[in-house]
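Take a look at the structures listed below.
What follows is chain A paired twice: with chain B in the first complex and chain C in the second.
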Partner chain A sequence: MTTTTSLYDQFTELYNKKETLNRNEWLHNLRREAFEAFTVQGFPTTRQEEWRFTNIAPFLKEAYTLEPAAASLHENKNAGSIPGLDAYEIVLKNGLLNVDVDIPGIRITPIRTGIQDPALQQYLGKHIAFRNNSFASLNTALFENGIIIEIAKNAVVDKPVHITHVYNAEEPFFSQPRILMIANRHSRAEIIESVFIKGRQSLFVNTVTECYIAENARLDQYHLQTAPGNAHFVNFTQVVQKGDSLYNNFTYTLPGAALVRNNLHLNLDGSNTESHLYGLYLTAGSQLVDNHTLVNHMKPHCLSNELYKGVLMDQSRAVFNGKIFVQQDAQKTNAFQQNNNMLLSDKAVVDSKPQLEIFADDVKCSHGSTVGSFNNEALFYLKARGIGEVAARNLLVNAFAFDVTNKIQIPAVREYVEKLIAHKMAEAYD
Partner chain B sequence: MANKSTDILEEYSDKEYEFGFVTDIEMEVAPKGLSEETIHFISAKKEEPAWLLEWRLKGYHSFLKQPAPTWQNFELPAVDFQDISYYAAPKSKAKYKSLDEVDPELISTFEKLGIPLSEQKLLAGVAVDAVFDSVSVATTYKETLKEQGIIFCSISEAVKEHPELVQKYLGSVVPYSDNLYASLNAAAFSDGSFVYIPKGVRCPMELSTYFRINTENTGQFERTLIIADEGSYVSYLEGCTAPKRDENQLHAAVVELIALENAEIKYSTVQNWYPGDKEGNGGIYNFVTKRGICKGAHSKISWTQVETGSAITWKYPSVILQGDYSSGEFYSVAVTKNKQIADTGTKMFHIGKQTKSRIISKGISAGEGQNSYRGLVQVGSKAEQARNFTQCDSLLIGDRCGAHTFPYIESKNKTATIEHEATTSKIGEDQIFYLNQRGIDTEKAVALIVNGYAKEVLNQLPMEFAVEAQKLLSISLEGSVG
Partner chain C sequence: MLSIKNLQAKVEDKLILKGIDLQVNAGEVHAIMGPNGSGKSSLASVLAGRESYEVTCGDVTFDGKNLLDLSPEDRAREGLFLAFQYPIEIPGVSNINFLRTALNEIRAYHNEPPIEAKEFLRLTREKQKLVEFDAKLTNRSLNEGFSGGEKKRNEIFQLAMLNPKLSILDETDSGLDIDALRIVSNGVNKLRSDKNAFIVITHYQRLLDYIVPDFVHVLYDGKIVKSGTKELALELEERGYDWIKEPVTSESV
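What follows is the complex of A and B.
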């Protein structure tokens, strides 16, 4: 407890130091509001419903430094690259963008300079409920690095954009990058994010991503969460969808990072929107992977579809909480949600909590949740046909994950994810 | 159709509570408020042994320590616990052997409710332990049950006659410190039913208690304890109606079920307390703690509930599946209309191996009613091959009601199989159209659809009760069209 208090003090000190220099009034107000919200809440504890199954305290004990490490990260072309992927590559080092990139139809600016633009006021921090999200508040109060991605009106980006987040963990480091994506009307883009970590010290990354999707725009977002065991991630993604827009989110978490907490919040603030959320978490070791999603249907005639699947090995732990809110105006809503879990070990634990809150009557909503293990009949069927135990189990896990992996629309990414799963499964049975 | 449905909705939401009337019988009421003195008073009135008084006081101290819960999905009205009278008993307090000796006014109260004791005695073969406010006034069929060694009496009687059983099991499933309302009940419970089924006995009839709240400002703190010894079977019915009141009345009952090896307990509830008027004034707060434990192997506990009344219903009948191969069931229909709130569900704790649980919950919300299902399925690391199936469906009638589900699923065993599914929908226009086309008017069509929707649960009720439940459901949903 004393160490988290000291981390808390560190943040207070940093905030006071920085905000005296801040001349930008609206930003100053935003940061102050966010920091006050953080001060009131402190770091979340398991006494809070949202963090009931995820005890964050042990991960905050490290003596983190808050300022980015000065040592430059040497160029490593292959760091975090996805084989066979033809994409526009962007590399963020400790959240910093230091090379100019030129992508037709997209304007990319470091958040540090971009933030001076008063036009950002309508997006930045606008849709986040600070009072209930202490990490998102902390990030808003103190973020320094990150980027703004703005997709121009009518632009259809010809290749996916691949962002590699490179972190230097040569000393314990607490990083707070901020990403803002604005997809203007009738635009279309695919964004892939992956992580590469250098160094073996403890790394804590508290990211906030905001996506604003205007009328008729389409945005596909991929999160590939592969990282070594010294990494801890708390991701907060807030999406706002306007009328007739389409948003797809793919989140794949693989064994490695000691803690992954994803918060994915969607505000469907326009009619006729469509949203698909796909998630897969394959956990091993003593990993803790926690996915919280919230789909807020605010306007009529929207469709949301969510499918999260988990495979748990060793003494790992997974948490799933999927909320669907249907507001009174959101008639003719179709909202579906499914969470399936496979426990492959006696010591693995899963906590699943789907949640529907519906205030409109003309809706179709459903959710389903299952927890189980291998289907013995299926195993027997395969073994009877001369397939060995290990191969049969791998086959069944792959089939289980297939529902989610086959939704990936970029072949190279799909191949990459499938290979990672096969590789991790093979490791598990060795 | 739109006009028609508005008319019907209005007529339906204007519907007054049918069973609202007051019986005028002199009551002996303890002074308002809860304190150690009140507890001493209650305990002395009931001539209780020292251990029970001590247990009540423990409950009282635990009650003082606990803050009001904040996790529920509704605004908890402030209940002034000091403005409640904790003891009320009809003055003419003689022991009756037959119905003829019972105060005729009491009998007519039951008759207005449609539960004539005499008729039931004859027709249904139901032994009724009628609780009029706090003290049992009539216990029928006692003699018949006695032959089999079955104990069915009020809990105060059980304390006197079978103290060893009560002392052993009271508070063993719902401890006095369990939650705020359970503590309050432990401190101040007035009366309730006690059932003991001896080894290997199959109870020959449905046991039943009608609860009835009568005196103004009298909270009801019933305590029910049912013990099914090895290899026995019992089916227990609980049904409630209450006269109309403007002030809110609190009901904080506790029900404890204990099933030993190979025993089976079936507990059914039909609840139709005064729900308040259509502005949401008055009505009963029904905050109940119900829990059963399958102590022995192959034991079974089944909860069935039909909830149509109360301003706020807040309860989670639960089962602790401790014995290997034991099973738990929960079947529920909850109807909310006007400003009624129901936050209900169940908890299934799988501890023993090969334990099974099944949850079927059907919520129906109309008007501005709010219906929440909140459930927990917990599989411990030793619960090999545990199996759970959960289905919770919600039906919405009108555009200002709400349906919510909060299921928690926690599994610590890889051999466990847990399934949960939930759907929310309204009555389809196509369904109504299909029935209209066949000459069934809209109102009947809705009743038909709703009855079909709730069938799975209603089927679980014993025959005598199913009739009443269906009647209640049709009264509650008369003329509601989506």
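What follows is the complex of A and C.
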């Protein structure tokens, strides 16, 4: 407890030091509001409903440095690359963008300079409920690095944009990157994010991503969460969709990082929007992977579809908490949510909590959650054709994940994810 | 090829097979008939190695090996094939990937190299034609979206692909319309040879008009109560099963 307090003290000290230097009144006010919200809440505990199944305290005990010595990260060409992927590559080192990137139809600015633009005031931090999100508040109060990605009106980006987040964990490090994506009207882009970690010390990354998707725009966002066991991630993603927009989110978490907590919040703030959320978590060891999603239907005629699948091995744990709100104005809503889990070990645990709150009367909504093991009939069928235990299990796990992996629109990414699944499964059965 | 002696098996403490004796030689087709609940499908399951059945007594030798000692996959690799009464749908496992995996696992067991892509394709085309199974298999999940008839035909197609020594058809005729029944039977007849054998489990005589058996056995209450030639099937069709159920007719042939 004392060490947790000390991390808290570290943040307070850092905030006081930095904010006295802040000359930007708007930003200063935003940071102050956020920091106050953090101070009131502190770090979340399991006494809070949203953190009931995920005890964060043990992960905050490390003596983290908040401001690492000038990053000594050398460019590693292959760091975090995806074989066969033809994409615009962006590398962020500890959240910092070092080189200018030139992508037709997209403007990329480091958040440090971009933040001076008054036009950003309508986006940054505008849609996050600080009161209920202590980590997002902390990030807002203190973020230094990160980028702003702005997709121009009518721009259809011809290749995916691949952002590799490289972190230096040669000393215990607490990083707080901030990403803002603005997809202007009628634009279309695919953003892939993956992680590469250097060093074996404890790394804690508290990321906030805000996506603003204007009328008729389409944004596809991929999160490939592969990292070694010294990594801990808390991701907060706030999406705002305006009318007739389309948003697809693909979140794939693989064995590795000791802690992954994803919060994915969608505000469907325009009619006739479409949103698809696909998640897959394959967990192993003593990993803890927690996915919290919130889809807020605010306007009529919107469709949201969510499918999260989990395969748990060893003594790993997973949490799925999916919330759908259908506000009174949101008539003719179609909202679907499904979470299926497969436990491959007696010691694995999953907590699945689908929630639906409907205030409109003309809607179509469904949610469901299942937890199971291998289908013994299917296993017997495969064996009866001469397929052995290991091969049969592999076929069935791939089959289980198929509904989610086959939704990946970029072939190189799909192959990469499928290979990672096969590889991690084989490792676990060795 | 297959020799069953005094086979007894139970499910959850209920004795289902109460002493089965059966000898099947290469080149033979045996039909096993009998009323519902007599143990026909249980016999098929026990032979294929379904885990829910516990063999309590008896011996089964298959080509000189003790079948009951083998895992289900090894039984298949040794050349035993069960055409399921209810073939399962496995979404996400493609028909082609499944077949190639099965074929290669069987080949590996016999120390043979994996089949080459071209040869596999050729074999698939040839066998699909043989069993008149023209369903598109690539990019389709195993049995998913197949009609009942297509599923059964897919079983026979798999049989043709894996080329087993002994095939057990578990009520393959159930749920088939007359055309599908003819196609399935034609497939089986084309695959018959003096090197393989078939056990055809059926409730109705109808199938045996198409697949003409060498022997017909009547299973009742976990035992074979009557054996004969194909004429026995006709007699059953005419008289029903009730006369079989009369106080044990122990003079089975």
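The rule is short, and it goes like this: the second predicted complex is superposed on the first by the 428 of 430 C-alpha atoms of A that agree within 3 Å, B and C clash if a C-alpha of one lies under 4 Å from a C-alpha of the other, contacts with A are read in each partner's own complex, and residues count from 1 in each chain.
The working rule: a residue touches a chain if its C-beta (ideal position, glycine included) is under 8 Å from a C-beta of that chain, and two chains touch if they have at least 3 such contacts.
Computed from a prediction, not measured in an experiment: that's the story for all the values here.
> Answer with clash or fit: chain B and chain C placed together on chain A by superposition.
fit
> So in the superposed three-chain picture, is A:A391 touching just chain B, just chain C, both, or none of them (first/second/both/neither)?
A:A391 sits against chain C, while chain B stays out of touch.
> Give me the angle at the C-alpha centre of chain A between the C-alpha centres of chain B and chain C, rounded to the nearest 10 degrees.
70
> Figure out whether A:S366 sits in contact with chain B (first) or chain C (second), or with both, or with neither.
After superposing on A, A:S366 lies in contact with chain B but is clear of chain C.
> Of chain B and chain C, which one touches more residues of chain A?
Answer, by number of touched residues of chain A: B.
> First (chain B), second (chain C), both or neither: which does A:A401 touch?
A:A401: touches chain C, not chain B.
> Should A:W26 be classified as contacting the first partner (chain B), the second (chain C), both, or neither?
So A:W26 meets neither chain B nor chain C here.
> Just to be sure I read the superposition right, which of the two partners does A:S345 touch: chain B = first, chain C = second, or both, or neither?
First partner only, chain B.
> On the A-aligned overlay, A:E377 touches which partner chain: chain B = first, chain C = second, or both, or neither?
A:E377 sits against chain C, while chain B stays out of touch.
> In the superposed model, how near does chain B get to chain C, counting Cα atoms only, in Å?
For chain B and chain C in the superposition, the minimum C-alpha gap reads 14 Å.
> Looking at the complex, which residues from chain A come into contact with chain C?
Those residues of chain A that touch chain C are 375-378, 380-389, 391-392, 395-396, 398-403.
> Please give the residue numbers of chain B that touch chain A in the complex, ascending.
Checking each residue of chain B against chain A gives 71, 379, 381, 394, 396-426, 482.
> Note which residues of chain C are touching chain A in the complex, please.
48-51, 71-73, 75-77, 81-82, 84, 87-88, 90-93, 97-98, 101-103, 105-106, 109, 141, 158, 162
> Mind pulling up the chain A residues that touch chain B in the complex?
Within the complex, chain A touches chain B at residues 49, 328, 331, 341, 343-373.
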